[in-house]
Each structure stands twice: as structure tokens, then as C-alpha cells.
Amino acid sequence: MSANTLQERLRAGQHCVNGWLTLPSPFVAETMAQAGWDSLTIDLQHGLQDYASAVALIQALQRYAVVPLVRVPSNEPGVIGKVLDAGAWGVICPMINTVQEARAFARACHYPPLGSRSYGPIRARSYGGKQPYHEIANDQMLVLAQIETREAVEHAADILEVPGISGIYIGPNDLGLSLGLPPTLDREDPEILAIYSRLLTETRRRGRVAGIHNAAPAYATRMIAMGFQLVTVASDLGLLAGAARQTVESMR
Amino acid sequence: MSANTLQERLRAGQHCVNGWLTLPSPFVAETMAQAGWDSLTIDLQHGLQDYASAVALIQALQRYAVVPLVRVPSNEPGVIGKVLDAGAWGVICPMINTVQEARAFARACHYPPLGSRSYGPIRARSYGGKQPYHEIANDQMLVLAQIETREAVEHAADILEVPGISGIYIGPNDLGLSLGLPPTLDREDPEILAIYSRLLTETRRRGRVAGIHNAAPAYATRMIAMGFQLVTVASDLGLLAGAARQTVESMR
Amino acid sequence: MSANTLQERLRAGQHCVNGWLTLPSPFVAETMAQAGWDSLTIDLQHGLQDYASAVALIQALQRYAVVPLVRVPSNEPGVIGKVLDAGAWGVICPMINTVQEARAFARACHYPPLGSRSYGPIRARSYGGKQPYHEIANDQMLVLAQIETREAVEHAADILEVPGISGIYIGPNDLGLSLGLPPTLDREDPEILAIYSRLLTETRRRGRVAGIHNAAPAYATRMIAMGFQLVTVASDLGLLAGAARQTVESMR
Amino acid sequence: MSANTLQERLRAGQHCVNGWLTLPSPFVAETMAQAGWDSLTIDLQHGLQDYASAVALIQALQRYAVVPLVRVPSNEPGVIGKVLDAGAWGVICPMINTVQEARAFARACHYPPLGSRSYGPIRARSYGGKQPYHEIANDQMLVLAQIETREAVEHAADILEVPGISGIYIGPNDLGLSLGLPPTLDREDPEILAIYSRLLTETRRRGRVAGIHNAAPAYATRMIAMGFQLVTVASDLGLLAGAARQTVESMR
Amino acid sequence: MSANTLQERLRAGQHCVNGWLTLPSPFVAETMAQAGWDSLTIDLQHGLQDYASAVALIQALQRYAVVPLVRVPSNEPGVIGKVLDAGAWGVICPMINTVQEARAFARACHYPPLGSRSYGPIRARSYGGKQPYHEIANDQMLVLAQIETREAVEHAADILEVPGISGIYIGPNDLGLSLGLPPTLDREDPEILAIYSRLLTETRRRGRVAGIHNAAPAYATRMIAMGFQLVTVASDLGLLAGAARQTVESMR
Amino acid sequence: MSANTLQERLRAGQHCVNGWLTLPSPFVAETMAQAGWDSLTIDLQHGLQDYASAVALIQALQRYAVVPLVRVPSNEPGVIGKVLDAGAWGVICPMINTVQEARAFARACHYPPLGSRSYGPIRARSYGGKQPYHEIANDQMLVLAQIETREAVEHAADILEVPGISGIYIGPNDLGLSLGLPPTLDREDPEILAIYSRLLTETRRRGRVAGIHNAAPAYATRMIAMGFQLVTVASDLGLLAGAARQTVESMR
């Protein structure tokens, strides 16, 4: 998939079902792609991925109608530039807690004058059809700031104002920890659901995208109903571990 | 796991639940191991594995109470020796159709005088506790001839007589193709179930092990009831693909 | 490319321009694919490829309209099965000198009843659209016997009669060596051009495919005019080495 | 080894013998582990390791009774989080020269409220037995600030006060360079031995751990006597190079 | 090549022809080396390289009379130290826009007292002949600040004054973008040529080195005439892509 | 080292000190090379090597004055051709027990008319200086048949007569096993020493090379005195394991 159909869907107001790739295996990525996700996010933060595996996974994914995103390990322009050059159509950056951090992140994702991304789209160059890649990249790139601390929630409205930020992506595990709660997904804590609600309001007001990390289809479906447009439903690892456990248990 | 507990269980008449590793990812292997299989077979024939991935997977598995087996791509002594030296506690060899092929396979798996395996157990050496590895290897090694053609079925009784062959492992896909039937697992063709029955009789008569490749717990459970001791129930790939498909479908 | 468009073109009597992949780098393969070859052959014999790199290259190629072929290192059914399962749409096997060797090669490439290929198309499974892969594979697979010794030339007519052999592929380097001549491509030795002519006659008579390995477009074009349908024109390595040498020389 | 027995030993006042892994080879790590070290440190700074090799080494080590530590290349939260998630039970961070740097390092190593480590212990999750990993991680993690400049020595007392810092680890090469002396280990410079003495006093006063990098058993033994609890004695590379040189010399 | 002959040539006032390595394949590097470049730069910023591939490429290059340089992805001391320890004889750092950034870069490249590079030249140690590596490294290392924004041009004179900076390297793509022009190499924009001229004057005045990235021999030759000493003429990727395209086109 | 200086030394009647590479790490190979061995043998049979690691090791070795040899896993022409093309200057083939096997081995190692090696020396091509590689390869290649069974001893004289076989290499472990003795190196069994003596006589009579695998310098020195020209003294693995064990023991 060399066009960012995810961006098109989001701009059309549709929701998108995202899968999570933690396993550094291109064939795992192909197998996930065959299941029909709208996008697949290669996780360089908590997944077992590194830059080399990200490249191999993006290559393997491009036979399929799925959009490759990357979550980077930290807000470091070197790695952000590298995954964009390799062909990611979007980046999720963890721990964007302040406007300054959001600005640095946006700069790293966009060519001048919007940002300061360095030119050299070694694989992404081939995405440009009639137009050169660098003329479409800033418009097409999905740039999601991960909101996952109390501090980030406080600054979320301002973060959403930063030019070049497409939207936010909520990390429920870390948000819980930051608030003194255990790290889990698919949360029912009223305090946290209230935060989700406020963040959705702020996002909608600015016409930006809100995404959230979930652990199961039922909860993800609720989150879509609540207003989230980009919902992660499962990871390769979680799907495999769950299915393997069930199978062995059914034999005992 | 540095002792061949699978061999012990089989000799004690217990059945064993085997998983199948087709993905060349050590962390997939760890994830599978955590599900509690008795053994896991690294598939160098139809899986995406090669020797280097087999070594990495065996290393990753050895923290867990699971016995590593390998299916080799063909009856070639070079690769058989290499996976044994790397620490496989058993080998499944595809397409053993004749007694001559079974003898060559058994020779490749055992040290003299039983066979002609060359000495140099680079990783397996550490399996020897009080006794040196080469003194226990011939006794502990699980050597399974894959029966998967009409010709193999005809020669199965003689194959089971070959010294150093621990038993047989049925490949239903290829057995079907060989008989002019489509390639599937968990078969209900009366002709094939009759073959299973005869093969079990021949195996039991000689106190050897019978194994079979299956696609689902229910059928595998039937096979145990029928007399198979080693049942493969699922592969990493099948589990992942199935769970991913279900999850995406539940979101549409 | 998940359909074997090369097979279609050859059956329609068209010629095909093939490139050669010796470098175990998926991005080299992508770069070659962008140049517009009809097919690209991953060379596991003299190239620096192995099975793992072949898988990565096939994955990288499948975004492009190019058909992946593999040259295997020798006539060994284990490796032939593995590259077909990984998604090669054709195999070139070196040093097919006798009818017996051609039969063994054809058996390894085809499912029963035509051959004895074992079932388990781990990646190739996805090539089947409406029809299952195993129902189209025997018909679609391109199976080319490399003719590159005096002995092979003598047996070529009989080799072309072997069911499941799609045609022949000439290796001018080794053919030269076998005849006491230096190893070169794009040969002008009358003795060898006469051999080409005879081989083309035998191939055409049986409606099979004739291919040949060349080093430059001009000679490859002559070979098309002579009747060869599949012409290899250049390798990634040769193209890179030539361009680098020219560039440095132009700076001195 | 999924419990941090090193932490237990250190808290019980015992000394620990640490080996150093510079070679990105899981089997080198296994070979080192079989020698009986208390802990092995994977060196991502000056060793030839990267994140991918660190994961493979930790996987290979976990069959053995040895605790895996990692030295990171710099005080960057992305890589620190990644090696902890992969299963390191401790981190040594080079060039901690100021209290600010020590605080940033401690934050990266611990979950809230002590720090700001992001949740997602992809491999380390399996370390939790009865208790979830995130409830034991902050207590169990060994967080060592490398003291290796004049500036660091000046700030060492304050660095040792930083919550979440377990102790210090002395780098004699860089400490020498920083003081205008040549880079060597096992130093006899009175000035430097006096620094060691002062650092030990500061460490002991606060009940923290002091470690040091050495090149030979005799000197390491002196350092234990002097009060260091964690002594690195040799690296895989040094051991191999020394033994190879001796062997070849004995043949000349 | 274990001596920095590039440094010698530059100090002797000679120009140097540099090639660019974007493909993470050691044999591509060998093939490039055989073409006779003075130096080859492994690109970790926009190339598909990472640290592991850089090590493999440097190892492969050292049989040849070519000097290995590295362009790092960003001004981060961890990765700079790692590539120097692996054996790079020079580093190009992108986006050096201010004197502060230049100072941090220079510190990361040099041992005290000039900088704060940490000692541990795991592979580079072997470069020292009679003198230990750490005694020659600061003098021999080529440290090039990439000038590629309007801001960098303004500060270039001061950047050239920073001790430990060997010179500058111009990135025409990003310089263009920064000035509101399209990203291309081999530029003819009068505004940019005037900048080149000013930068050359500032560099010459201080006896430093000026380098520039080009796309073709003719333009690179002009740049030498203009005063640039280090000219990059082509990349492995560009050479391969161009030669492949021409070859296929000549067959259509 | 691109000339086969080992072959020169052996023809001059000198003995050669060989090291053994079992660890698939190019930097281990470099470290071994720095110790000064005459040759280093990459072990694809019992070592953890495969073809890809062999290529990387040969690349890393070629900066040093050491000759790369390979022991292949079995007498299979595919892998023999591949390691020669990659740049091995000699091959040791295990389990050459008969003249037929020796002939097949010799054919696989040499170009016509001496053998049937296929042309395509992808890396080795660069070894040719003034003369093309294929004109020197047959003369320069060291082709050693491993004698390690009772059967091989019986046929050794005839094996030594096979054109293209350079000599023999004794495997004491397997020779012991074949004779009903335990597998060890550096043997004192009179029966085996008598075999060594007879084999040396047969080898010397024909002007061929005799080599032997040893575990320690003292025994290897005795073997040189006895008449062996190529003595393996130690492996990377054995050196590392021994040195690590001694170091840890000296700390307990």
C-alpha cells in the first residue's frame, strides 16, 4: 500500500481498526496483514522491534492493503526520520507531555517549512506517484502524540494546537500508573473514562484524530462509539499467546 | 529443559501434546513455550525456519519445561547432525518411504555402533549431567519417520523394525495427495482412517511410538483415544492467523 | 505479484526479460524491481543468497509486477521444496545432465501425481485466489533444467521430454568449461552457437521454453531474435560494479 | 534465571563476580554462563552489541543461574526502557556526571511514582511469579551510575542520594583519561586509589552498592577486599584474545 | 585500511573522491571498494544502515585501500561513540546548525582533554600500530559538521572555529528545502552557489576541509575546481538503480 | 589474504598451525586472526556456522594474513561450491570413507577437466591477480578428505590416489567411536597411534598433506614431530570456555 489510505479514511470521518506488531518477524506481519486490519503499527518502544526489523516488516506489508505505522521508542529525531524514510505513513510517539515535546515531535515528522525533517526518503520515495513524495509527505503523514501521563492530559488541548500534530493516541497502561492506578488496558475507572471524554471533546473541537490502545474487540467497539477514530484492538503477541494457551488447555 | 522428558513420558505410555513452530522468531517460541506444550517441533521443511533460526529457537526454549524437536527438510545427514548438535532431542524426517531410507535416517541420528552420527555436540554437550552426552544420546533421542505416502504405508511395518527408529509420524496432507485425495488435516476419509488403524497396530506390536499431525484439539483428542501418543495440535502460524482473523471480523 | 504472469507471457509466445539477484539485500531486490524486469531470479547457487535471504527477497518483491524465480544450489529436494513454499514461481536447477536428474528435479517441483513435492506452501498458499494453491501450482510452476555441460547437451532432447519440465536454461560459462573453452558469457564460439541452435530446435519442437544467461542487452537481444524466450540480461552485482567503476574512473 | 538473585546477594552484603559480554553471539553468552559468573553484563556501549543482540543474549542466558545486566550506550530513556522490557535485571549507565543526569537515569529505570518508565515489559513480564512484574520491578532493579570523570567524582555523594539509584560503578579507563592519565584498568595511581577509597566511604555510608571494572582476578580480589561488592573480572573478548595469543605463541 | 590515509590526503591539500553506502550489505561495500574510491561513507541517517550493518560493512571494507566514514542519524553521543569504536575513521553529523551543536559533536568524537569520548575502541584498537590507538585517534579523526540549513550557514564561520571540528560537509537537498527551494543535488540556484562560495572562503581561511554531496561526476568535478576537497559523487543505490533502469529500457 | 599462502607453505614442506572457528561471529574471527594462526577453519559441520556466517567470517578475515578454510557439513556439491565461491581457499569434508566419496568430493572442488565445479566465483573472483581466478583455482585449492572411520582407514591409500585430493585430515573423535573407543582428541591409544603412523606413511609416499585435529599445543607439537603438516590446535569455543572457567574459579 503506497498511498496513505488511513489518512483518507480518518479525514472522511471513518474509524480505523489498527493491529499491533511486537514480533520482529516479517511473516508474522504478513499473516496479520491477511486478517484485514486498516493499519498495522510496528512497536519500536515496547515491542521487540528495532529499525532493521521495522524495515523488513514494512517491506513485507506492502503487498497488502494495510497502512504501516510505527511507534518510536522515544522523541528522538534520528529514529523518527529513519522510520519515515523507510516508509512508515505515520508515527506514534510515546510520552508527549508538554507543548515543547509536541513541537519537537512535529518538527521531526515534517519537511520545512512546517518542520525540520531531513530529506532522503530512501524507500518512501517510491510512494510518490505523479507528485514527488516530498510534496505530499507533510499532508499525508499521520503524527500522533501519545497521551499517557497526568501532565500530558493537562497539556493535551495545547498539544492538539501544535501545527503538524494530527492527533493524540491514549496509552491506558501508563496513564493508570501516572494516576496511581495499576497498569491495565480496557479500563473502567470513572476518573479515567472522564479523562477520555474530555480528551475527545478537545480533539473533536480541533478536527483532529483521537486514538486509543485496547485489548479486546468489545471494548474497542465501545471506544469507537465514544468517539475514538483509531482503535488498536490486539497485538500479534497477545493473539498468539491467547490462542496457544486456550489450545493447550483444551487438551489437558 | 536439558533432559528428554518427552522420551520418558512416551516410554511410560503417556501421550504428549506437541506444538509446531514455523515462525523463525525466538520470542514466538518463548510465547508458545509459556502455553505449556510437552514438546515443540521446529519445522525446517515447510516452516520458514533454517538452521540459524533453529539454534536461536532451541536457545530460547531451554528456559522452559518443553522438549525441542526438529523436522528436517529432507533425509540429508548434514542437516540432521547439525540440529542434533544444536540441541534437538528428537528429529522428524519427512518422506521416509522405504526401509533403506529409514536405515539412512536412523544412522544419521545415532552414534556408532548403532549409527554413524559424527561426534561434536557443540550445544548438546551441556545436556549431559553426570554422564557424558554421547553415552546417553542414542538412548534418549526420539527418531520419528514420517509416513506420508502410499509407498511408506506399505513399508511401515518394516520401517518400524529398523534399529534406531523410535516410531512413526503421520503426515495427513501428503498421505492424502499420494492417494489422490486433497491435502487436508483432521481427515474423515474411511480409507485413511483404516490406514491409521493398521499403522497403530503395527506400531503397538513393536512397542514403538505413533504420532500424527492435527489441526484442532477435538480431532487430536480423538487421535489420542485411537492410540496415537504424540499429537501435534496446532502451529504458531495457524493460531496467530485464526485469532487475528476472528478479531478483525468481530470489529466489522 | 501473486499470479505467475511470466508463465502466461511465455505460453503466449512472448519473450521475457529476466534480472539476476545475487546480493542478499531485500532493498536491492526492490530497486531492481522498480526497473521493470518481467522476472527476477534469486541465485542460491553462485549468488550470496541462502534460504533466509530468498524469503526476504520474495517478500520485498511482491509489491511489484515482477515474478520471483529461484536458482537452487543443487538438485536437492529439500531446498527446492523450501523455495517453492516460500513463493518462488519457478526454479532453475543447475547441472541437469541426464534424464534421471531431470526426472528427480521435476518430481521435486510438482505435487502428486505429477511429482512428489510435499504439501505445506506456507507463504505460497496466499497465491491461490479462488482456487486453492495446490490446484494451480503444477500448471503454473516454471521448471527449468540448466543445460551447461557436454553431457547435458547430448541428453537435452530427452530431458525436454520429461513430464513437468517446462524447458531449459543455458549456462554459457560452464558449457564453455565443459568443452575446454574459457568461462565467459555472450559467446561467439561457432561450436557453441551451433549448440544453441540445436537446443532451440529441440525445444521449439516440443513447445517448451528456452532460456539463456547473458551479460549485456545487445547480445540478449540477439538471443531473443535467435529464439530464446527467457533472457537474463544482467545481475545486480554486475550493474553495480560496472556503474561504480565507470563513475570512479570518470573522476580520475 | 527469572529472579534477581544478584540483588539478593548484594543486599545480603555478599560480593558478586561479574563477566562482560562484548560479542554479539548468544552461544558466546551461553559459554560464559557455563563458567559460573554471578552476573553477566551485555555491553551496548563499547561492546559490539545492539538491542537485537541484547535480546538474543538475554534469551540464551536464561537457562542458566546467572543474572543479565546491560550497559547502555548513553543516558537515553528509549534504549533503557527497551533493555529492561527485554529482561535485563539491571542497567549500568556510562558518564553519569551530575545529579541531574542521575535523576534522569533513575527515572528511566523505574515505574511511577519513583520514576517515569513506560509500562510494557514484553519479555520481563514472565519474571513475575505470584506478584505481577510491575509490582516487583522497582525494588528488584539494579541501577548503577557509572562514575568515570573528575566531575562525576565530585558529585558522587549527591548522585548516591538520588532515589532509585542502587549504587555506582567505576570506569577506570575514562576516569584516568579525565585526570590526564592513560586509559588502563587495574590502576595503581595513588590519586585514583584515593578516589576509590573516598567513593567507597560515600557508598557504604548510604548503604548503596559499589562496583568496579577490572582486567584480572588478582586485582579484582583486591578490590573486593577494599570494599567493592560488584567486580567485573574479564570480558569474553579479553579471555578469547588472551587464550588464542598464548596458544599460538606456544606453537612458535 | 587501518591508517587514515584520507586524513593524510586532505592535509596534503589533495581532493578525495567519496562514495556513499546506503545498502546494508557487506558485499555491496566490497563491490564499491573494488571500484577505487578514496573513502566510502556508511549512511546511518537516510541509508538503510544501522549499527550492526555498519560494523559488518567496516569489516568487509578493511581488506581494501579505502577509508571508512560514517554519517550518523543525529548528534547523539551514544551512536557516535559506537561507530568510532567499530572503526570509522571519520563521522559526518547532520544538522549542525549552531556552535553549541558543533561543540557537542566535537566532544563526542574526541578523547579528553579535547572531548569527552569514552574509552573502549573495541575494533579500532587494532588500528594502532606502534602507537596506541588513543594517542593517535584525536589527531586522525575526520569530524565533519553537515551544513544544510539557513541557520547553519549563518553560524558556519563560528562552527569552523570549534576545536575538534575538521570541517564542513554540505547537504544540498536540505539546504534547498530550508531556503524554500526543492530538494535536489547538483544545484544551479545562484543563491546557493553564492553560499557555497562563502562557505569555501570561511573554510579555507581556517585551513579546514570542505565537502559536498553530489549526484554526478561532472558536477563533482566542478565542485573540486571550486575548492571542495571531499566530494561525494554517487551512492550504491543510485548507481544500481540507474544502471538497472538503463538496461531494462534498452531491452524494450 | 587473497593468495593461498597455506598451500605455498605446505608445498614447501612447512607445517601450519590451524585454528578452528565454531562461533558465528565475524569479530570472534577477527580476534582469532589477530593471534597469528596460519589458517582458520570455519566449521559448518559441528560448529554453529551456516553459509551466511561463513561469508561474513571470510570477509572479516581478509584483512589479516590468515588463510580461510571451511569444513562442510557433508559431501554435498551445493554447499561445497558455495563456500568456494565465497572465498574459502580449502575445504575439509567429513566422513570420506570410500574412493567413490573421495572422487565426488574432488569433483565438487575443481573446475573441468579435473572436476565439475560450476563457474561463478562471486567473491573469490577478486583473488585472481594477473591471472583469472579460474586458471589458478584448481592448483591453489586445498582439498582435504577427513579420515575418521575404520572404513576410511582401510581405503585411505586409494583415497590419497584420487586426482584433486590434496591430502587427508584425521578426526580422532569419530575414529575412536568407529573403533569402539570413547570420543576424545589427543589420543594415546596404541591402536590409534599405529593408524596415524600408517596414514602418515601412505601420505608421505604420495607427496600429499596430512592434517589432524588436536586439543592442546603439546600434543599438536608431537603430531608435527610425527609428520603431520597441518595441525589444528584449538577452537574459539574451547579457548573461551577454558579461560572463562579458570577466571571464575580463581575468584571463588
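Chains here go by letter, A, B, C, D, E and F, matching the order in which they are written, and residues are numbered from 1 within each.
Following the convention adopted for this analysis, a contact is a pair of C-beta atoms (placed from the backbone, for glycine too) under 8 Å apart; a residue touches a chain by one contact, two chains touch by 3 or more.
Note that the structure is a prediction, hence the values are computed from the model and not measured.
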Statement: Across the interface between the identical copies chain B and chain C, with over half of residue numbers shared counting as same and under half as different, the residues used are different
- request: Could you quickly compare A-C and A-B and let me know which has more C-beta contacts?
  value: A-B
Length of the line joining the C-alpha centres of chain D and chain E, rounded to whole Å: 34
- prompt: When the C-alpha atoms of chain D and chain F are each averaged to a single point, how far apart are the two points in Å?
  reply: 40
Query: Can you list the chain A residues in contact with two or more other chains?
result: 24, 27, 34, 48, 50, 52, 55, 76, 79, 122-123, 237
Query: In graph terms, with chains as vertices and touches as edges, which category applies: line, ring, star, complete, or other?
result: other
Listing of all chain pairs that touch each other, if any do: A-B, A-C, A-D, A-E, B-C, B-D, B-F, C-E, C-F, D-E, D-F, E-F
- line: Per the touch rule above, chain F residues touching chain B in the complex are 22, 24, 45-48, 50, 52-53, 72-74, 76, 79, 94-95, 148-149, 171, 173-174, 177-178, 180, 182-183, 237
Message: Show me the residue ranges of chain C that touch chain A in the complex, using the header's touch definition.
response: 2, 26-27, 30, 34, 55-56, 59-60, 62-63, 122-123, 126
- request: Within their complex, state which residues of chain D touch chain F.
  value: 17, 19, 23-25, 27-28, 31-32, 34-37, 48, 217, 220-221, 231, 233-234, 236-237, 239-245, 247-252
- line: Contacts from chain F onto chain C in the complex sit at residues 50-52, 55, 76-79, 81-82, 85-86, 111-113, 116, 118-123, 132, 134
